[in-house]
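In order of appearance the chains are A, B, C and D, and numbering begins at 1 in each one.
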Amino acid sequence: MPIRVLVTGGTFDKQYNELAGTLTFGETHVEQVLERGRCRLDVAVQVLMMMDSLEMQEEHRARIVAAARTCAERQVVITHGTDTMVETARALAASVQDKTIVLTGAMVPFAFGSSDGLFNLGSALSFVQVLPAGVYVAMNGRWFAWDDVRKNRELGVFESIRGA
Amino acid sequence: MPIRVLVTGGTFDKQYNELAGTLTFGETHVEQVLERGRCRLDVAVQVLMMMDSLEMQEEHRARIVAAARTCAERQVVITHGTDTMVETARALAASVQDKTIVLTGAMVPFAFGSSDGLFNLGSALSFVQVLPAGVYVAMNGRWFAWDDVRKNRELGVFESIRGA
Amino acid sequence: MPIRVLVTGGTFDKQYNELAGTLTFGETHVEQVLERGRCRLDVAVQVLMMMDSLEMQEEHRARIVAAARTCAERQVVITHGTDTMVETARALAASVQDKTIVLTGAMVPFAFGSSDGLFNLGSALSFVQVLPAGVYVAMNGRWFAWDDVRKNRELGVFESIRGA
Amino acid sequence: MPIRVLVTGGTFDKQYNELAGTLTFGETHVEQVLERGRCRLDVAVQVLMMMDSLEMQEEHRARIVAAARTCAERQVVITHGTDTMVETARALAASVQDKTIVLTGAMVPFAFGSSDGLFNLGSALSFVQVLPAGVYVAMNGRWFAWDDVRKNRELGVFESIRGA
């Protein structure tokens, strides 16, 4: 059964614009990541938007929810900026019940050498195959239920709200 | 609950010896991979051996099996050369019943830029947390039961024996 | 005879701050670059400042000029932001006559995989050993006299003012 | 005036064959290196052979000498394995008088992350533009006349025979 990968941008897909000297979005790197990982899963990559998750409005979340709900696949991975990943997870949980949805992202752009993006996508694609229906965040090698996760901005890591 | 990572070498950990111009083993790169992935799992890394899996003898497999059986953790990831990974999986399945054991490796050394090692370790560490007790191989983003997997040497990928 | 390397920052030394999601300065990467290049030159690295060259004021240029003039070495390489590299070259030419000074930089931070920094520093360190006394810019594998060079901002390359 | 780059292989161009698990030659990486360095020199790249310099026979050196002698350019860079680079330099010096020829190579393949190849090619392309006619080796940021250089195999660096 194929897996749907919805791309929304985030640090994962940022790249360096050498003319402007700034971080910007271009094409997604998800296919490159899958190739690097010699991934042999049946994956359908769909780019919904390329944006910083701090700039996401309600309408953007509505589009993500709609795409996750209406796609044929029952396993969905979403690449997303880390800053509001939990907020989008909540919106998904309110609207999609019968699918396994895993959100992931990166602290460092894949385009830079030291990115966690390859690790995280390997992790998210694995969790989505085995976790029961529900909405999850996969970061730092861990998985979190959508209602038990927050980003610790001081440390740059995700953690359980209830501890552990 | 912590995860035990048993290191046995394999392509994953090979590196370039610039004086000899050959591929050799030095220290394991597993800690570096975990750091790159910003991994926050409670992981105990144990180096059992650093060798090419084509050179493994029965005694080496016995040591791997013993380490997996006697460690306190119930979730065990083993980094291993891809050539005889399936053989070691079989040996583990014959001797360890009550743990989730996931073998993984890499087609390209982590020390080289284009390695799948980061993806694969992210994948293996995820599967080991969610799959029921049993022995598995995690490669190419997929998981395989120990008795339904083979390495396709022409393509350099792992596949199910029974298809799909 | 040793070579003085004066570090002033610029894109060359920018790095990604994963907590803030921004490009910032930390320690210089020049030593790392020299190590990567297996450089065996007698090099004295001195960090003068770590700044974007667009933010350089007259006082900063005065400090660079003073350091280049007063150091014992007769061969000086300066890492510098590309945007005002030519301006600093002009200031140096007005004040230092008897040394070979080569300014270089990068279009992409060394910390990112795809940087030209390693190539450029290899180039600058080579030119400084063989060019006669004078002030030069070394970028794109080429060398330019300080009064015959400009940055082409559309292309992100340096070119001769008089052509060719 | 254009620069001729003659490619002969060596560690510089080795790559990892992930099916065989060995180091082999494929296409040259020289164009990639030039692109990475944002090189804007007028360079004509010509692949003569792709081989380990330990396996070079007299006929191979004869082909290198012929190519360097007969090409229209007066500035020639040769990428070469480090083990017999000095031997080829000697053969060139015996037959080509009126050109500047710079041999360079790498201790680590460019295809691997930690290569010195980018630094070395930046260095060689710079020296070739400024050094007078003659045959030179450019390694470790330094240049050596063909008759005053040897590879120190214990350290993996090039050094002057007469010291310094």
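Here are some notes:
As a convention for this text, contacts are C-beta pairs under 8 Å (C-beta built on N, C-alpha and C of every residue); 3 or more make two chains touch, one makes a residue touch a chain.
Because the structure is predicted, anything quoted here is derived from the model rather than measured.
With contact taken as defined at the outset, there is no chain that touches chain C as well as chain D. Residue contact pairs shared with C-D exceed half only for one pair among A-B, B-D or A-C, and that pair is A-B. Averaging Cα atoms per chain gives one point for each, and the point farthest from that of chain D is the centre of A. Centroids of chain A and chain D (each the mean of its C-alpha atoms) stand 45 Å apart.
Between the Cα centres of chain A and chain B there is a gap of 26 Å.
In this assembly, the C-alpha centroid of chain B lies 39 Å from the C-alpha centroid of chain D. Residues of chain C found to touch two or more other chains are 107, 113-114, 156.
The touching residues of chain A, when paired with chain C in their complex, are 11, 16, 18-19, 21-23, 107-109, 111-114, 153-154, 156.
If you check the complex, the residues on chain C that touch chain D are 33-34, 36-41, 107, 113-116, 118-127, 129-131, 138-143, 156-159.
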